[in-house]
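Just below sit the structures, each encoded as structure tokens.
What follows is chain A paired twice: with chain B in the first complex and chain C in the second.
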Partner chain A sequence: MVEILASQVVSGLATGCVYALVALGFVLIFKATDVVNFAQGEFVMASGFISYTLLIWYGLPYWLVFFVTILLSGVMGVVLERVVVRPIMSAPIFSIVIATIGASTVMRSAAGIVYGYDVLPLPTIFSKDPIRLGILNFTIMDVGVIGCSLAIMLALYLFFKWTKTGMAMRATAQSQTAAQLMGVSVKQIFSLTWAISAGIGGIAGVLIAPIIYLDPNLGIIGVKAFAGAILGGFGSIPGAIVGGMLLGVLENLSGYFFNAGIKQVSTYILLILVLIVRPSGLFGAVAMKKV
Partner chain B sequence: MNKGDSLKTLLLVVIGGAVLALPNVADNYVIYIGARLFVYILVALGLNLLTGYAGQVSLGHAAFFAIGAYTAAVLAESLQWPFALCVVAAAVFTAVVGYLLGLPCLRLSGLYLAMATLGFTLIVQEMLLQLSVITHGSEGMSVPTASILGFTFDSDYRKYYLLLGVTIVMLLLARNLVRGRTGRAFLAIRENERAAEAMGVNLAQYKTIAFAISALYTGLAGALSAFLVGFLDPQEFSFFLSIQFITIIILGGLASLLGSVLGAGFLIILPELLAGLDVWQALVYGVIMVLTILFMPFGLSGAIRRYAYRWFGIGVEPIIPRRLGH
Partner chain C sequence: MKRFHRSYAVLAAFIALICASRPPAAWAAEVGVTDKEIIVGAGVDLTGAVANWGVNIKAGMEAVFNRVNEAGGVHGRKIKLITYDHVYQPPKAVANAKRLVERDKVFIMMGHLGTPTTKAVKEYLEEKQVPNIFPATLASLWTTSGKWHVGDLATYADQTWLIIDYLVKERQFTKIASFYQDDEYGLDGHLAGKARLKHYGLDYIAEVDYKRADIDFSSQAAKLKESGAEAVILQAVYREPPRLAEQCHAVGYEPLFIGPSPIVVEKTIELGGRHVEGMIGVEVYPLPTDPGPFLDQYRADMQKYFPNLALDTTNVYGYQKAALFVEALQRTGRDLTRDALLNAIAGIKDWDPGWGLKYSYGGDDRRVMSRSARLVMVKDGKWARMGEWMELAEGGRR
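This part shows the complex of A and B:
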């Protein structure tokens, strides 16, 4: 019993890490630009297809595919920001959200037109062979996904903490006006933020597409990641990571106890309960509005 | 009567005449789409009262729609209640559910509220599948034909006029509501909760009222839609439907009854116009959606107001609110 539960936690943590990466994408964009990008899940889907194309159609080696996919995903993020979001930055937040929803419709249907709606097989870098460590049963893939995600998160942390650009991004998140006055090009920071967020989404896509499935509806993973970000407290980077991981683990555990349908909704029931107790999520600051 | 009012009246008469005459000149499919449009207008009115006026974002309206539809269908099938009673009971029941959902949502706002209500949609959809004793689960359920005092609404032609009548009544009710005390309280809550409270608006009371009224409209729409389509498929009530509802009111114009009508018209008729595009339909639909919001960030009604003032000098110059922190 304990053995099975422990293994469920590990494999849940693997999916949870991917949710956390996508949630990070949401939060980074939100912190820097006050925009909620509902096309975040579509970056995951698109990069799944990009890596499929490069691997299967062009037969490139996996490590090259990995980097090219992340790069292209980042470019997609910049294009989306320039074409769809920037022209209406002064519009109400609702309008921007709808613009990103429109963009996600476009991306999803474009993928459908090119690749069809059947599930495509995507080979993984990591093998699915089981390993046994004490009471834990897991696969190399679980460890690989968790390891990759943690490495990305560490890299991001170091980037924000120690580089000049990282500091400029943190400054922009705090106050756009003050950052601009200090000589930071806020527009460039916006583009860079979108590139990084989309790039992280791209990594998430390469990691998760072989595990679950690859079809144009893969972007729905964005809803779970969004739920993870909300659970942690939207706008908090540690919150996004913890929330995403927690969501993955809970989902997997409830899959062990309940049937597949209840597994899907149990996390949302829990999320609502958490929100009733903590209206701004686990790590979110309570927003006070001045009268 | 000034220039603006007479032009408005003229437009209203022309459009009203066209809407009344449509079923007599159009084919069955067009009539059906028209009837479906009225259903979406009802939902848009309800959602706009809650999200546009009271400022409470909801992605839970697919759930209210489903609850209205299934309540009406179950009452009609198992208890064989008469049609009118089914619809009223479904609307009232949905309003009660809306009120109850509003209670835990009192502390939530913005994205957190959106996520909680989105969760509600997903939970209700799963319940439709799990409670197969009542709802027939994934098989879906058929709905008997509607009739009032022996007059059966068995053709799309008759359903069209029924829905038109209900929509006009509910539109007028919504207009009264937003112009009165409740509407002003909603706007005050949206603009600033603390200030509203200081002015004597009971936040808890008005927020839950907003949820209940909004759910009432949506439940009514769901019940009527059940009788219009004649079949309920639980897959229909997914969170995509919630997103479609919110898209309707934002593209149409938030806090605008005209916007609710225009948004519903735009998003229901557009896919029909694009039906010939086959696989490209969704793509073109998305592109048009993005372009619309790029060129009309305040929705269709916002654009109409702006250009009516600029070109014809009708109305007042719309105030463009600035976003905080920019």
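This part shows the complex of A and C:
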């Protein structure tokens, strides 16, 4: 029983890491621009298809595909920002959010037109063979996904803390005016934020597509990740990570202890419970205004 | 005073115009049938969770209709097929059915895909008296729902009886688990299996469900492993078996996987790779690679009209439905009404389309055309025959 539980937690952490990455994408854009990008899930889906194209149609080696996909995802993010968001930047936030929803629909349909709506298998460099370590049963795939995700999160942390651009992004998130006064090009920072968010979505896509098969409706993962971000406190980066991981583990455990029906709603039940107790999420800061 | 009169005149002219533009009187004695055409409707999944089935069923049906139309149609009428996409979602299926019946005025609903989706439109079709012919769902429901529904092949309940008999009598398994889709589709086979196990004094050692369109089964795999089941019956489609097999193998659990016809698809092997090697399925119509005049015609038609689609059990399924429908149309004759068609179908006995299986309208109150089934297994990455056709003597869940 403990053995089964342990393996459930490990595979839950693997899916949770992917949710965490996507949630991070949401939070980064939100912190910098106050916009919730509902096309984030579609970035994941698109990167899955891009890696499929490079791997299967062009036969490129796996590691090259990994990096090229992330690069192309980043470019996609910038394109979306320039074409969809920037022209309507002065509109109410709600309008921009609706525009991102529109973009997500367009992306989904485009994928359907090009690749069809059938489900496609994506090969992976991480083997799905089982390994036993004491009481733990897991696969190299699980370890690979968790490892990559943690590496990315660490890289982002270092980027934000120690590089000039990272600091500029943090500054812009805190106050656009002050950052501009300090010589930061806010427009460039916005583009960079979208590029990084989309790139993270890209990594998530490359990691998860081999696990759950590829099809244009893959973007639905964005909804779960969004819930994870809210759980952790929307606007908090560590919150997004913890929220996503918690969600992944919880889903698996509720599926094991209860049934498939409960598993589906466990995400939202947890969300409601947490928000009742802590309305700003686990790590969210309660906004205080000085009068 | 003058303006008053003028606006009345305009209003009167408007009303007259609307009255005059009534649609012309019915051109034939039956809805969806004209002198030159028969309009047939189908609601299928083209972009959702079972899109592989939907796209191919549509192609299979169109291949038959194209060939028949090119040869002049049936009794001088060409067959026109109108399909709408319901994405395997019941509410959309209902909306599409209304469109087909009320706006497109179809003669019959043909090959409607999906058990939950077809169940959603069942009452509406009955109310409008539109025959639901050979729906692309083998739930036993269609065989016992009365005049307006006609099934074609052995139901999921029948197939699960066959599976249980095979597992208990030939493999001598006593620990059998059921992995089923938690809706009308999965429950049909699942409950029939439970009843059949009772006949042997057994019960499922584990009953694990999943929600339609779910993609992760690690908890189900854990539960199945814990139960120690020797065989797992999969009341699923083509996405779930490979994923479940993969996740079971990942926790070091390797039972025999066996399931009814929806899993017998190329896609299952494509997605599952070596994890589905040894998986057993039930098929209720031949494999696309089987010999025979009917299948030769099928291969020729698919090559001519859909050269880019791979030959697969999914398109044979649509093809045989359409072929059966055309046979029924031939027998009905030129005087085509819904009742006449239903009577003609009821009169079909021992019709061999050319593959050694006989279609006979089923007696014992079950409105279905064939009760034959056969076991197949994934061997070296292909579905291969395991034995001969079996006629199911007793029925499954009624």
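As a convention for this text, the second predicted complex is superposed on the first by the 287 of 291 C-alpha atoms of A that agree within 3 Å, B and C clash if a C-alpha of one lies under 4 Å from a C-alpha of the other, contacts with A are read in each partner's own complex, and residues count from 1 in each chain.
Simple rule for what comes next: a residue touches a chain if its C-beta (ideal position, glycine included) is under 8 Å from a C-beta of that chain, and two chains touch if they have at least 3 such contacts.
Everything numeric in this text was worked out from a predicted model, so none of it was measured.
With both complexes placed on chain A, chain A has more residues touched by B than by the other of chain B and chain C. Once the two complexes are laid over each other on the shared chain, residue contacts for A:130 go to chain C alone; chain B is not touched. Shared-chain residue A:93: touches chain B; no touch with chain C. By the touch criterion stated above, A:113 is placed in contact with chain B alone, chain C being left untouched.
Once the two complexes are overlaid on the shared chain, A:255 sits against chain C while remaining clear of chain B.
Of the two partner chains, chain B is the only one that A:176 touches; chain C does not reach it.
Contact with chain C, but none with chain B, is seen for A:139 once the two complexes are overlaid on the shared chain.
Using the contact criterion defined above for the overlaid structures, shared-chain residue A:280 touches chain B, although it does not reach chain C. Residue contacts after overlaying the shared chain place A:8 against chain C, while chain B stays out of touching range. In the superposition on chain A, A:121 makes contact with chain C only, while chain B stays out of contact range.
Taken together, the two complexes place residues 112, 261, 264 of chain A in contact with chain B and also with chain C.
Residue ranges of chain B in contact with chain A, taken from their complex: 104, 107-109, 111-112, 115-116, 118-120, 122-123, 126, 129-130, 192-195, 198, 239, 243, 246-247, 250-251, 254, 279-283, 285-287, 289-290, 293-294, 297-299, 321-323, 325-326.
Residue ranges of chain A in contact with chain B, taken from their complex: 34, 36, 84, 87-95, 97-99, 101-106, 108-110, 112-113, 175-176, 223, 226-227, 230, 234, 261-262, 264-265, 268-269, 271-272, 275-276, 279-281, 284, 289, 291. Remark: chain A residues 1, 4, 7-8, 11-12, 15, 112, 116-119, 121, 128-130, 132, 137-139, 212-213, 216-217, 251-256, 259-261, 263-264 touch chain C in the complex.
The touching residues of chain C, counted against chain A in their complex, run 46-48, 51-52, 55, 182, 209-211, 214-216, 218-220, 222-223, 225-226, 238-239, 243, 246, 249-252, 267, 270-271, 273.
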